[in-house]
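Note that the chains take the letters A, B, C and D in the order they are written out, and that residue 1 is the start of every chain.
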Amino acid sequence: MLKGFTAPRSPLGAAALAPSPPWHFAGDALAVEFWNDPDISVHTLPTGVELDKDSRGHSVALFTDYQFTAQNNEYLDPARYQSRGFSVLLDAIWKGTRIAWRPYCYVDNDAALMRGWIQGYPRKFGAVHQTRTFATASAASAPLAHDSRFSACMSAHGWLLVQARVTLREKAEGLVGLLDRRIVGRRYFPRLSAGLHDKPAVDELVRCVSDRLLITNIWVGEGELNFPEAYGEELEVLGPLKVGRGYRFSFSYSVTDVEILADLTA
Amino acid sequence: MLKGFTAPRSPLGAAALAPSPPWHFAGDALAVEFWNDPDISVHTLPTGVELDKDSRGHSVALFTDYQFTAQNNEYLDPARYQSRGFSVLLDAIWKGTRIAWRPYCYVDNDAALMRGWIQGYPRKFGAVHQTRTFATASAASAPLAHDSRFSACMSAHGWLLVQARVTLREKAEGLVGLLDRRIVGRRYFPRLSAGLHDKPAVDELVRCVSDRLLITNIWVGEGELNFPEAYGEELEVLGPLKVGRGYRFSFSYSVTDVEILADLTA
Amino acid sequence: MLKGFTAPRSPLGAAALAPSPPWHFAGDALAVEFWNDPDISVHTLPTGVELDKDSRGHSVALFTDYQFTAQNNEYLDPARYQSRGFSVLLDAIWKGTRIAWRPYCYVDNDAALMRGWIQGYPRKFGAVHQTRTFATASAASAPLAHDSRFSACMSAHGWLLVQARVTLREKAEGLVGLLDRRIVGRRYFPRLSAGLHDKPAVDELVRCVSDRLLITNIWVGEGELNFPEAYGEELEVLGPLKVGRGYRFSFSYSVTDVEILADLTA
Amino acid sequence: MLKGFTAPRSPLGAAALAPSPPWHFAGDALAVEFWNDPDISVHTLPTGVELDKDSRGHSVALFTDYQFTAQNNEYLDPARYQSRGFSVLLDAIWKGTRIAWRPYCYVDNDAALMRGWIQGYPRKFGAVHQTRTFATASAASAPLAHDSRFSACMSAHGWLLVQARVTLREKAEGLVGLLDRRIVGRRYFPRLSAGLHDKPAVDELVRCVSDRLLITNIWVGEGELNFPEAYGEELEVLGPLKVGRGYRFSFSYSVTDVEILADLTA
């Protein structure tokens, strides 16, 4: 009897690329809000999702640097279960509800890549880095303090795809207009059978369900953001016409579920 | 209208992690035949697949070092589309037909990881290396010649999982008893919806369909093989009780299809 | 006029692998004290350095996860200037003074590799990971708290070289018997001229000079440590006969100097 | 008695980052000749080296993909001893002799990085890729044939630094005007002692000595080349005003020596 939440299924279930939920995440994030061209970003939306007319073009560039664990102390295997990721989130509407549509995301770890595909995040491999803060005072520490600066970048296969910087101005109680929408993604798994390459086996619009979301150490300031042009990617057309606030915060949440909004294979 | 064979689907279809088939592969391979314990390896088989009683425990460790292209000159983007992989193949039977069951495989590239999942290869990320042969005579060249030696290794997340060596003895016309079975894998894509974690959306037993398979520069000799114990893997239990011949050859083939043998969700 | 502290020297001095000192470091560390076999570890000492008879075999396995900056906001280039390292430190004596001899160390970044060689740290490339602590409560957070556990590991070229774990027991005011010795290393740069391969151009025994050393958030507990055998390394012979306390702390310090103890080319 | 050609010196000499010469190399190369602005490239020359007035601005972009061995079958440890590199070579003159000055080079392996510094190549870490040719006919094979195309690229820390392409036109007997100059580099190892940061311990102008150089399978065609702008590098100012021929060939050579042209510390 083979076991495991994902392939490879194995006698003990220890070989699976991703362990069974619940999945727990704790990390640090750097985010920059920006506005892109709604006449372009509209073309990244799947059927049934519209741009939010009240904030047309408002988007978020989100960098995360986090630790993962499931039920077997995965956080004690840091070579496998620490990850760094990048996502773009577009303000959008699904059947009248405010959502954030995630057209592209990147991560630096195979287990995270697979978790993403299962959750409806279309992850590809990227090298993601962000300035970290350390406890002791030093020119190298990047303290959480007024005027402190944090950078982040993401590249894939040698192409720089995103550069960001946040200059902290003040501590905040909440994220105020950031990440206040449920994230919507798309679970997609194609068929390879001849003649069926355009008939995916799985094509579901899904809303992420996050439990026990905690956000702390929130700092707000000014953002800078740039999406350089790169071959083999379509991220740059979502790049900023205008850049807004920047945020730096710590987070944790858990995942055991996903809400299926629509079966797009139908 | 979003395009792309895989997610992320995008306006131009250029962002997809894997391009549409046909997929073409050309590369070099190092293979070692071995026998493991059938009382253990039988537990890696899915329902309906049996070990081959005529060659109980006969298996192949296969290292590949290859270049990929689809329709858009992907081979001219070597940072994205060169890959190195490792697979274990077990001699098995499906409904009376001789097959090779592939319980575990590893690759060093995100596009190859995703292609594998779509083809029914349960790939995880591994760092795979094999000695290469070069055209000019040198102590560093590893010529295709009698007594020439080739090594290969694979590690994942810092754990050494496989070590192999082949000492060439003679050039051969064909692979003679190696890779003469169609490879069977399992397409598997789980559900994340609460209560359905053990009801995969896709669970298909599939037989790989390779077109235009070419094998050349075949050398046969003696193999050495070792599967060290490693945390988070179940490869080592398939390790060799006895090691047989080693092979070094070049190959090419194309993929546009997969044959579905059984829907295991039923 | 070419500029730069290291090669490549360039018109603007921006291409140099390592910028000019002062160098500032801030990070987190995981350390495990252990005792190895003094009859073996004595063979890793250079001329003039002896094992400390008062603590024969007492050694430290030190993992660091840190950010670097020099004078040009290098900490805002996290892809280049974050590093993770591992070192072994042996209790030793130089001319009657208690020192820590560093026979082997590893780091995951080219700029850090070169800084190490200049400082007298014989760095090689290693993939180093340690469990991190995050600010929000979660199963994934690894809080600084009683019974919290942290793991670390280091591998090089696919071989696992070190595994460690620390279980926190209590917060401490100081490191009490850990890292209370000045670290001694060896600056070594060989000649390649024929006939002079064993006459290095630089061979200096040096004592590291750290300014503004700060240590905070110190937790002490129990350590676990293992040096697996690996090809192409000699770390395992320094492995633990006995393991003692484990430590987790944050640090910062600066470097502008090194003290030359002896010119070993003489 | 500690052994090893480089640090870390160890009881058995097996831990050294680079083994003792002779060093043997075998590999494939892609090269593009180009002309940059001599008024700019002149500023990358050290004292005593001049641009070649007969070919002012003529330069070569050289990508290599190779296997290394010394005396202990290092080629059987492919995870450690395969490397891919990139160099820029400028036509120059040293005391009336035609040389190629190598201001910048990159490699993807720690042992190769250190060998480079010892040989006078100012290597930094780069991810280097080139299209490979495989023995079996396939859309993925990139045969050595008329109109076949090969690409190469190099990135460092997520920045794309070089892109090249060569379209093969005809097989050639020799390299005809390419790599017909001895390569000159600079061995440079700084002091860290306070007050001496600008007084390197080693600063030698050196001419590389290659034994048993073999070049085969030479194809000549048209080159394309681009040096994108990148932070933390000064490569782009050497970028092409005009691009010439492209080359693809296989090579092998050995190294046991370097010729010291001048001691620049004097």
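The rule is short, and it goes like this: contacts are C-beta pairs under 8 Å (C-beta built on N, C-alpha and C of every residue); 3 or more make two chains touch, one makes a residue touch a chain.
Remember, it's a predicted structure, so these values are computed and weren't measured experimentally.
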Angle, in degrees to the nearest 5, of the Cα rotation that carries chain A onto chain D: 180
Repeat of interface B-D, chosen from C-D, A-D or A-C - more than half of residue-number contact pairs shared: A-C
Pair sharing more residue contacts (C-beta pairs) when A-C is set against B-C: A-C
Chain B and chain C, separation of their C-alpha mean positions in angstrom: 39
Chain A and chain C, separation of their C-alpha mean positions in angstrom: 34
Per-residue multi-chain contacts in chain D, two or more chains: 77, 79, 127, 129, 153, 155, 158
Residues of chain D touching chain C in the complex: 2, 5-12, 14-15, 17, 20-21, 43-44, 46, 77, 79-80, 103-105, 109-110, 113-114, 117-119, 122, 124-125, 157-158, 186-190, 192-194, 197, 201-202, 206, 231-235, 237, 255-260
Chain C - residues contacting chain B, complex: 127, 129, 153-155, 158-160
Chain B - residues contacting chain D, complex: 24-28, 66-69, 73, 75-79, 82, 127, 129-132, 134-142, 149-153, 155, 165, 212, 214-217, 250-254
